[in-house]
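This is the structure I have questions about; it appears just below.
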Amino acid sequence: MDRHGQRVSHSFFTAPDHTGLADLHRAMVIGRRFNQQASTLARQGRLAVYPSSTGQEAAQVGGVLALGDQDWLFPTYRDSVALVTHGVDPVETLTLFRGDWHAGYDPHRYRCAPQCTPLATNASHAVGLTYAARRKGRDVAALAIMGDGATSEGDAHEAYNFAAVWNTPVVFLVQNNHWAISVPLSTQTAAPTLAHKAVGYGMRGYHVDGNDAAAVYAVVSHALAEARSGGGPAIVEALTYRVDPHTNSDAPQRYRDDSEVAYWRERDPLTRMAALIRREGVLGDEEETERALAAFDAEAEKVATAVRDRMAGEDELDPASLFSDVYAEVPPILREERQELVDGLREA
Amino acid sequence: MDRHGQRVSHSFFTAPDHTGLADLHRAMVIGRRFNQQASTLARQGRLAVYPSSTGQEAAQVGGVLALGDQDWLFPTYRDSVALVTHGVDPVETLTLFRGDWHAGYDPHRYRCAPQCTPLATNASHAVGLTYAARRKGRDVAALAIMGDGATSEGDAHEAYNFAAVWNTPVVFLVQNNHWAISVPLSTQTAAPTLAHKAVGYGMRGYHVDGNDAAAVYAVVSHALAEARSGGGPAIVEALTYRVDPHTNSDAPQRYRDDSEVAYWRERDPLTRMAALIRREGVLGDEEETERALAAFDAEAEKVATAVRDRMAGEDELDPASLFSDVYAEVPPILREERQELVDGLREA
Amino acid sequence: MTRTPPTSPAPSEVSMGAALNRALLDAAAEDPDVVVYGEDVGALGGVFRVTDGLSRELGADRVFDSPLAESGIIGTAIGMAMYGLRPVVEMQFDAFAYPAFEQFVSHLAKMRNRTRGTVSVPVVVRVPYGGGIGGVEHHSDSSEAYYTHTPGLRVVTPGTPADAYSMLREAIACDDPVVFLEPKRRYWSKEAVELPVRTEPMERSVVRRTGSDATLVVYGPMVETALEAAAVAAEEGRSLEVVDLRQLTPWDDSVVTASVRRTGRAVVVHEASVFGGYGAEVAARVSERCFHYLEAPVLRVGGLDVPYPPPKLEHLHLPGVDRILAAVDRLQWESRWVADADGTGVDG
Amino acid sequence: MTRTPPTSPAPSEVSMGAALNRALLDAAAEDPDVVVYGEDVGALGGVFRVTDGLSRELGADRVFDSPLAESGIIGTAIGMAMYGLRPVVEMQFDAFAYPAFEQFVSHLAKMRNRTRGTVSVPVVVRVPYGGGIGGVEHHSDSSEAYYTHTPGLRVVTPGTPADAYSMLREAIACDDPVVFLEPKRRYWSKEAVELPVRTEPMERSVVRRTGSDATLVVYGPMVETALEAAAVAAEEGRSLEVVDLRQLTPWDDSVVTASVRRTGRAVVVHEASVFGGYGAEVAARVSERCFHYLEAPVLRVGGLDVPYPPPKLEHLHLPGVDRILAAVDRLQWESRWVADADGTGVDG
């Protein structure tokens, strides 16, 4: 797709069919709305913090929808839209940012690791998990997401290398959104692209328009299929842009120009996909199309409303829960501390 | 040079002249003898341990002799021959392995960092040092040596990347000796060569016959010149082989075949260089050549004898010295501990 | 925390963040070898704005963003310090210093000692640490115990804006590597002080409030909390002395032991988990050195022995006035405690 | 350290290294989910031969070498554990675990807690630790305090071959992540024991020798040393009790406090530097909980507060029988100590 949503063909990757395109768009619409809702909640102080991914929906949605039924997702703090697309309960997704607990969901239930804050550190978990799955005879691949900045960490290197040497089916989706908080890509690397990194590990590197959900989907699907069939892991660099601040407490005017944001807004992934859908009649004739698009909006609105409603109250947090999952069993020292805490609270 | 010491020409790199070849050979002969002497001392229990680099002399000597007068060397435990070639007192080189102290020499005096054991960790020091030198207006490049195994560490990645982004004049000399203790190269990487790693950092990667001192010298010289003139850092992978065990306490029969060692012995860097020297009359006519080669041997023998003699006795080690260089000044807590120790020793 | 001298014109209120900012500016202005770098310290001025404006004032070659890799940051700083610079680097949050742990322990702490004092590495590592700001996981660790158990590092932490200024200046001028722990929740705490200011040398602990009944031993974020507790206690007729440790390693215990010998009772307070925390050292040392002066066991008040809790539960983890005063109440003020000392077990 | 039951036929002598090897073999034979990997654990059998023969016995898919990167090793192990394997990984030496510190602290320790108990990570990290083997720098660190201050990790260390076997089996079966510290200088220590053996549960401290005058609190490498000291003391008419802690975190202090309440005196001994070492926690806790029973302050004997010394000086750093007995002598046996308790300062 070009920047106006005009289809460009590619001989190598398979573009999604109409249903696929519709699914991608629907997920993006919901994702965008979710980002907005969460940002609002953060502004209202109902979330401790929220790192919005507005502008990056195509990369996250395209990557996640390429996953198979048994596959795992290893996301970062930035990837709430990926989680929601992957099926994680939106409210559970926000538990971390709400400050109620750390991971709000059961990773096994959703085949989704906790959102990871220490940069690049869960990439090796993805390698280990897929390795284990293979040992157990299960066909499980993983999508490990990281940012452009995170690729500078030693942990990224080690994960890439373990994956390549062990030939585990992991696709490392690098969302190159041009900034690591205030630090531009040019400070992170002197390489032409981040996909070039793949060369040093003997794996495939793909560079894809990260604001084109269809392209991301096609490339990640391809990479996953390759990886699954023993072709080795891959790095997929999705070129995109973080339109919002790093988090609600960031001050982007200190480090970047509004014109840059404007440039990327023009390449908005939702606008582009909508244009393609309309142009190609992906959802039927004009009337059908508009009805379907409106339905997506309505569904997104419903998700947002549900989030808002379900988060209107305050969850009762049990102080004793602090001690329950530090170890498999509560050891004597924590039993003592728990008692002391509970007694102290009772007195007060 | 082919494996028989026959010259092969290369249009890109400049081969050393006759003096250069002689210097390389002389340093290798001394280095080899030094390796043997140190190994003997280790066998006799006069060194706590010695990681011999027999078979790798060309890589170390070729790399070090390419350095300019202000340049720094950042070596590992494996690189004692590099140190001796660089001018570090051979006995001071062995202080670490003798167990008298850690680094036995003054790094500033020799422009040589302490031999580094934690893998790949001093590579970033080289980046920082050359950065600082540039800030101070000095033309200082650095050679940071590491093994094939060490390239798997996150610290290697971070050092490469900082060097590339900051464009500091560091040449990373990877001595690919095929083994990391008992672990073969195939477990370290799935890439065709370690030089391929350079691509991901946007820097140059060179792959060189590490048993050809002239080639290593030519390539490292070239890379240093490029780096010095702003062309950026580089990775030079020198393909070589560790003929001896990892250290004197290693058991290589557990993990590799004698035939492999034999294969590499046939490609011995000293034999090859001697063949070239003889074939090309680098040191003059046949008689002159043999005389000069004998002189190298004699000089090497003298180095070995001096090492043996100077290390015959036991250095008196002052227990109080344990406390003197932990901080710039000895703090009260260490003054107390020192007193206690000295008192305790006096009583006993 | 007011230190206005009665005769001079009232100095203006300065926050700890501003004091640190000014210290960096003044140090760099005086010494061209001072460079400041890290993640987001340039244009953004740091996520806590401690380096706000410095890049503009001092130039982007003196204050700049580096690639996003903490081990690389510490490693390059070591290299720079080896060549005469005085790098001041920032770890963005406490938990994000862990990737650099090997550089801290195996190089930064040991370089001077390894080289018999010939190489000093005057690096200052600024680490915003501790909780109380509602941060999600990994943003509130109190990591001091990891550093204070590492000989060769100097670990300091200011509790007031004046100390923040003075100690940071001292740290930068110091030839030892300094881990400079900044109590991030106190960045906004203000004090009336004229900058530049020179407080007591950083290695000296300071009595912040005199008292006769018991000694509160604190540092960093807990200085303010302890002073509040002492004020409340005073109203209740109990006179608490507050000692601010300031330099945690190497620790000179003379001020604390003198205080406890006077008061006969002590409570050590810190945010970090109690088990194996810095308070253990203080309690062990004080218990030993003041054995015959103690009217009650030395108590510790600190974080629970659980991973740092989510924002909504952190108040249960962090020591506050109540928990401090509860501990003071347990200092066996009634004679029955002493009478029970026959072994039937008051603390059984 | 002999535990031969008088009636049964004498079991053969087993070294700690052999006991560990057998534990790995038996655990892996029983549970197909157990995998063993790390650096040089395959063909070589580990640099200490603890994994000797395992790769052959269990297959190279169960026991294998990984790329040389500690953070990657721990990270992949976490991922494997998330998918139901029980990885047992080796850090080659204590100091070489530091590159993985972030994985230890931010993931391994916290995964269960972060996910409200839904994800357990039953990883065992074997770390040969401590000195006494004449190792050059970075090969003799006692790093336990870094782990024991990290809630969520279980840290255990055996002091005898029987415990080595039994505790390693328990560790592998345990659903918590276990840092299994192996006192490397004791790999060759032998005990007559029939394997398999089941000793006390690892979380329980054990009285290794009963005594009435004072308690020596030890673990790992110091168990043997303390027993020697107690034997010498017995000849001099002093009865020392020796308690072996075994599990350091979470610590159940009941055995130690009961012992000290009986003996009234305690000396904590470990190899690690005293300042901020694990002994600080023991001393602080015992001083608090046994306050009214103590006849003398709890003393600590441990490493000097300096970087680990070079081989020829390590004997000055490591606690031996002499230093332990000297500390026992300082436990205020004469009544004048008590008489001096008026405040004029015997410890001033």
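A, B, C and D are the chain letters, set down in written order, and residue numbers restart from 1 in every chain.
Going forward, a residue touches a chain if its C-beta (ideal position, glycine included) is under 8 Å from a C-beta of that chain, and two chains touch if they have at least 3 such contacts.
Just so it is clear, the structure is predicted and the values come from calculations on it, not from any experiment.
Visitor: So which chain is the furthest away from chain C, centre to centre on CA atoms?
Guide: B
Visitor: With contacts counted as defined, which of the two, A-D or B-D, has more C-beta pairs across the interface?
Guide: Looking at contacts between chains, A-D has the larger number.
Visitor: Averaging only over C-alpha atoms, locate the centres of chain B and chain C and give their separation in whole Å.
Guide: So the centroids are 42 Å from each other.
Visitor: In angstrom, rounded to a whole number, how far apart do the mean CA points of chain C and chain D lie?
Guide: 30
Visitor: Give, as an integer number of Å, the spacing between the C-alpha centres of chain D and chain B.
Guide: 37
Visitor: Where in chain D do residues touch two or more other chains at once?
Guide: In chain D, the residues touching two or more other chains are 66-67, 69, 71-72, 95, 98-99, 102, 106, 110, 113-114, 137-138, 151-152, 250-251, 275, 304-307.
Visitor: Give the residues of chain A touching no fewer than two other chains, as numbers and ranges.
Guide: 101-102, 118, 152-155, 157-158, 161, 165, 187-189, 326, 333-334
Visitor: Which residues of chain B touch chain D in the complex?
Guide: It is residues 48-49, 96-102, 117-119, 149-150, 152-155, 180-183, 187-189, 251, 254-255, 317, 319, 322-323, 326, 333-334, 337, 341, 344-345, 348 of chain B that touch chain D.
Visitor: Taking the touch rule as given, give the residues of chain C at its contact with chain B in the complex, in rising order.
Guide: Answer in residue numbers: 35, 61, 66-67, 69, 71-72, 74-85, 87, 99, 102-103, 106-107, 110-120, 151-152, 154, 174-176, 203, 250-254.
Visitor: Taking the touch rule as given, give the residues of chain D at its contact with chain B in the complex, in rising order.
Guide: The touching residues are 39-40, 42-45, 47, 65-72, 95-96, 98-99, 134-139, 275, 304-307, 309-313, 316-317, 322-323, 326.
Visitor: List the residues on chain D that touch chain C in their complex, please.
Guide: Against chain C, chain D makes touches at 71, 95, 98-99, 101-102, 105-106, 109-110, 113-114, 137-138, 141, 145-146, 148-149, 151-152, 249-251, 261, 272-273, 275-281, 283-285, 287-294, 296-300, 304-307, 340-341, 343, 345-347.
Visitor: If you look only at chain B, which of its residues touch chain C in the complex?
Guide: 101-103, 106-109, 113-114, 118, 121-133, 135-136, 140, 154-155, 157-159, 161-162, 165, 321, 324-328, 331-334
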